[in-house]
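Worksheet: the structure to be examined is printed underneath.
For reference, chains read A, B, C and D in written order, and residue numbers begin at 1 within each chain.
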Amino acid sequence: MADVAVLGASGYAGAIAASLIWRHPFFALKHVTARSESGALLDEIHPRTRVPLVLEDWDPNVQGDVDAALVCWPHRVSAPAVAELRERGVRVVDLSADFRLRDRDTYEDWYGPHGAPDLFGAAVYGLPELYREQIPGADLVANPGCYPTAALLGLAPLARAGAIKDVVIDAKSGVSGAGRNPTQTTHYISADENMTPYKVERHRHTPEIEQELAALGADTGVTNPGVAPVDFVPHLIPMTRGILSAAHVRPTRPTTGAELAELYAAAYADEPFVTVVDAAPATKHVLGSNHARVFVHHDPRTDRILAIGVIDNLVKGAAGQAIQAFNLVHGLPETLGLEGLPLAP
Amino acid sequence: MADVAVLGASGYAGAIAASLIWRHPFFALKHVTARSESGALLDEIHPRTRVPLVLEDWDPNVQGDVDAALVCWPHRVSAPAVAELRERGVRVVDLSADFRLRDRDTYEDWYGPHGAPDLFGAAVYGLPELYREQIPGADLVANPGCYPTAALLGLAPLARAGAIKDVVIDAKSGVSGAGRNPTQTTHYISADENMTPYKVERHRHTPEIEQELAALGADTGVTNPGVAPVDFVPHLIPMTRGILSAAHVRPTRPTTGAELAELYAAAYADEPFVTVVDAAPATKHVLGSNHARVFVHHDPRTDRILAIGVIDNLVKGAAGQAIQAFNLVHGLPETLGLEGLPLAP
Amino acid sequence: MADVAVLGASGYAGAIAASLIWRHPFFALKHVTARSESGALLDEIHPRTRVPLVLEDWDPNVQGDVDAALVCWPHRVSAPAVAELRERGVRVVDLSADFRLRDRDTYEDWYGPHGAPDLFGAAVYGLPELYREQIPGADLVANPGCYPTAALLGLAPLARAGAIKDVVIDAKSGVSGAGRNPTQTTHYISADENMTPYKVERHRHTPEIEQELAALGADTGVTNPGVAPVDFVPHLIPMTRGILSAAHVRPTRPTTGAELAELYAAAYADEPFVTVVDAAPATKHVLGSNHARVFVHHDPRTDRILAIGVIDNLVKGAAGQAIQAFNLVHGLPETLGLEGLPLAP
Amino acid sequence: MADVAVLGASGYAGAIAASLIWRHPFFALKHVTARSESGALLDEIHPRTRVPLVLEDWDPNVQGDVDAALVCWPHRVSAPAVAELRERGVRVVDLSADFRLRDRDTYEDWYGPHGAPDLFGAAVYGLPELYREQIPGADLVANPGCYPTAALLGLAPLARAGAIKDVVIDAKSGVSGAGRNPTQTTHYISADENMTPYKVERHRHTPEIEQELAALGADTGVTNPGVAPVDFVPHLIPMTRGILSAAHVRPTRPTTGAELAELYAAAYADEPFVTVVDAAPATKHVLGSNHARVFVHHDPRTDRILAIGVIDNLVKGAAGQAIQAFNLVHGLPETLGLEGLPLAP
């Protein structure tokens, strides 16, 4: 057993993370924190969690007594808390963006000054499908962004094969991705019966996708000449959960649907949470679960590849993936505590 | 032509009111105001209005130069502004609750101290289907609440006939009824795929419904012994617009479906905006329009009457009804500027 | 271990039942059937079930080899299949209405001729909160209707106390209650942004509610004079899952909020799946789970009681409740296989 | 005045077309037809139309007595009816795809044999923003597809300037685009809280977009080397109405945001129904109206242009655009009968 704290448990990802840890056979949920709602019970604020723990104020001397922590705070705010936890020897999976990038200039260009420079670059990127060998035993794991998770699962086999000459990622997310803070954007009347692109000038998940696509190419000794820069455009869709990443790829060399089907089948044959499907996937197929569905299609008429990844943005795109990495960090079966299934339909 | 100001045009009802006045053949929209968004164009904030007027700060010396005004402010805040407009001779339709009740103790019991006591009781209740004779020429019209509009249209024929012994009103509203202010309640993630009753202890539309049901009985010399107090329970439903009021009535005397059908057909035969239907109505049938649909059914097994009214809460339940009254005040055809139809489906 | 068949696994309730059995620590899912989609894999049709079993045609000689079965067929069609299973000694929980009523005239009045008259009256009504003592060891359990479950959980303490003089049940359901068959009613364009009452003349869940309310009174030696007939009006709400039953009760004797709070707290103190809450409950609080939330409120102004029950119509209102009863039938802990929680929000 | 018939008025586009004609100051709606629902009143089936006309069976000798007709039938079925109407001298706007393509091999490749080969190529493509000079007086107008309308409005200035080297169109539509026929795809439970790409192998709107992009280049004497073939991928989004076309363009030559802004402002300066906006547009901004919003953005980091068009798929994408063309055909002001505004929000 390992004692665990969840920092930022009143947000959507934090609440789900706490609820998964609460029921996990190996971890014991010892602390949950919330900045503005401390003193309340978590299941008062999020009844579906059924976690009857009192939300605490963040105090490293209090929550620092655990073995491991999930930090569900926004970027820039997260890094100093992670540093304090690390100083006390607490193993951390950080759900913010603070430790995902490996190039500090890129981080500062997209996010501003880093809140814990000494730790910069110390994390493993927590996408088990790409870093399964590196995560076990890691002290600090950077949980991938929701869009990068969907995009990378859709594109990884192509990137590894050096097959991406040029890529446009047109992604769509449910409203929970905008967080729990009530704004005009997240107001029901604004979001319902509406869709819109957003952050079209610059979305911070872009360099994360570029970094990992480049790394995938490097691993195999091939180059992905057109990979960077990636054109990434997200959209807000009137639904609570779900991300669909549609990557439109111009390939480096001629290919066929059969070749791609084989490539993807081989890449994900042993993955517990990734299913390659042969018809266009729907986000509802993975709603409420840690599963991803991946689809690839080559259009001989346009010689373009469509590579789609769908996930639940709050589970495989956040809290569930963090538990998956947590399991690996602790040497546990990767699916532990994640096998519960959402009820259909 | 009459010059018109819309106070509070950045809220949902105010924006619709402004957009209807802007296209009205008789009225000229001269001013639109907004407390926190003054300086912006109305159609920047509400693109669908297509009203390219700058939102002004409220200043009686500025907006007081019009012939008539629609005041779309919350209760308590509205009354003093209405008083200032009235002092300048401006005819007002007030969309707040400040002038709907005719008994001051009741007002203070449910709303607190009144903001313009000298004007209390000076308004005509602006439900044309009940007060068509009194509205023309009125200087001050109190626009009915959204729930009372739906409930009273559903119940008026029964109340006039003295047929209501006991009534439970179980009402349901789309989220726009909660206003434009972003809160946890109006957050998409809270409202989507969810329904809940609210203000079950005490909703301020209750005394308004009771007042008008009693008046309907009084008008005909009959008594509605069970009418007051009314049991009223509203629910929040995951949709943008629409109110459905289901009134469950225990009748004072034996009745039949045929008798009720005749009663309702006669009551609404000449109404331009009320249609009596013989199958359960749906809010979508009136979405985006000033129309109401009314349905009555007697269950011989339980000897109870179900009287349903459906409206679009922002149109017949707010802005459209205000225009309807405005037309009557100014001696215009009641339907002027309200004939445009929402497009199906 | 017991071998189980799920008949009608391609419908919503059947698919969920199959998915719960598939992961249940005691039951082994041996057969799933579907009338029109036999030959397909269940998880092709309902990917979220992740049940990779082939849907079979119904054949008592094939599926009759199990120890127990869940029958998820429509009423009238279900009874003969239940009879065939019972002849082979298979224990059955029947999710249809065929065995819920105990008075045959009432059944025939509301449903028509019964499909297995010899078995009529042989079932235990499978609401564990009311029949926990009778379900263990039962060979045939009639799974309650979705509306009766919500209504009865909300009203049972009052009924047992003989406190109901008169009751109006105004209920609201998500669209999944209308079943998987595509019709104009279940078409997205009809259901979205819409609400409507339906079957206002006569909904078949009415006599079921009346039967159980009467029985609750009888159990305690008190009478519920106004209980029958019950006025029941259901509404269709634009959401996938969830039922909210708002029961408006005229009490037989004076009461207070404090007295009711105590009554309800006592009634449900030990229930694993029922939580009494002190603020109006929302269906989203129980979405995807077998939990119910119950709320009671007395309005001293109107002397009326509001008794609300909320459930997920497909889980506590169908498949989850069937597993709960199945556990009891087999002498297992009632919550086995139902402890998985839906992820918030 | 011109007498008009609407064929296929029970579908979504047909119902809206009929409702717009019914209120049009110049046209008189004489006939509405429906294949399977003839005999019913149109406003029984679509209450919001408020068109109290009886739906007739199609009979050229009956409906052929009008001056002009809108044919709202599916492709392949439409062409023979159009031919019969043309033989009787009836002017036709055809909302199907049957007369949109100008190359017969392309038509047959994507749609199969044509139903009225003699008329093939006789129509003007009814996008007023591109063919305003050709539409007046035309006897046969092919109303553009919903996706092509959104995509072409977004891309036309670039295409005319010969600036498109390569284009990926990632489009999203509300469910009404799938038509009124109830299927598993349009079932509320399938569509709600879900998104999915569809027809990824081959969507029939692709050659229509390619044809018009090529024509735009040809018009200006420039070439758009990468325009054909176009990569087009549509998605189904959980909302009733709205299309968003996001075109990701690789330009033929260096450009800047300022240059593009100028290009688009000039292109649409005088358009009554197209607004160029400088922030990402939302479909709700045009919901229920004939308006389109267009947005263009150049990302200097990736040297890619994002060109977005949003419309209401049933109005500017179908019935409204047909009326717009109808006005032009008859020498009327283009906006006649289309000025009514949808009510915000």
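Following the convention adopted for this analysis, a contact is a pair of C-beta atoms (placed from the backbone, for glycine too) under 8 Å apart; a residue touches a chain by one contact, two chains touch by 3 or more.
Keep in mind that what you see is a predicted model, and the values were worked out from it rather than measured.
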{"item": "Winner on C-beta contact pairs when A-C is weighed against A-D", "value": "A-D"}
{"item": "Chain whose average C-alpha position is farthest from chain B's own", "value": "A"}
{"item": "Centre-of-Cα separation between chain B and chain A, whole angstrom", "value": "47"}
{"item": "Separation of chain A from chain C, taking each centre as the mean of its C-alpha atoms, in whole Å", "value": "37"}
{"item": "Distance between chain centroids, defined by C-alpha means - chain A, chain D (Å)", "value": "38"}
{"item": "Set of chain B residues in contact with two or more other chains", "value": "12, 176, 180, 189-190, 192-193, 238-240, 284, 287, 345"}
{"item": "Contact footprint of chain D on chain C as seen in their complex", "value": "12, 175-176, 180, 182-184, 186-193, 238-240"}
{"item": "Interfacial residue positions of chain D with respect to chain B in the complex", "value": "12, 15-16, 19-20, 23, 46-50, 176, 180, 192-193, 240, 284-289, 291, 293, 314-315, 319-320, 339-345"}
{"item": "For the chain A and chain D complex, residues of the former touching the latter", "value": "166, 168, 170, 172, 174, 189-190, 192-198, 200-201, 229-231, 233, 235, 237-242, 244, 246, 248, 250, 280-284, 287, 297, 299, 301-302, 304, 306, 308, 345"}
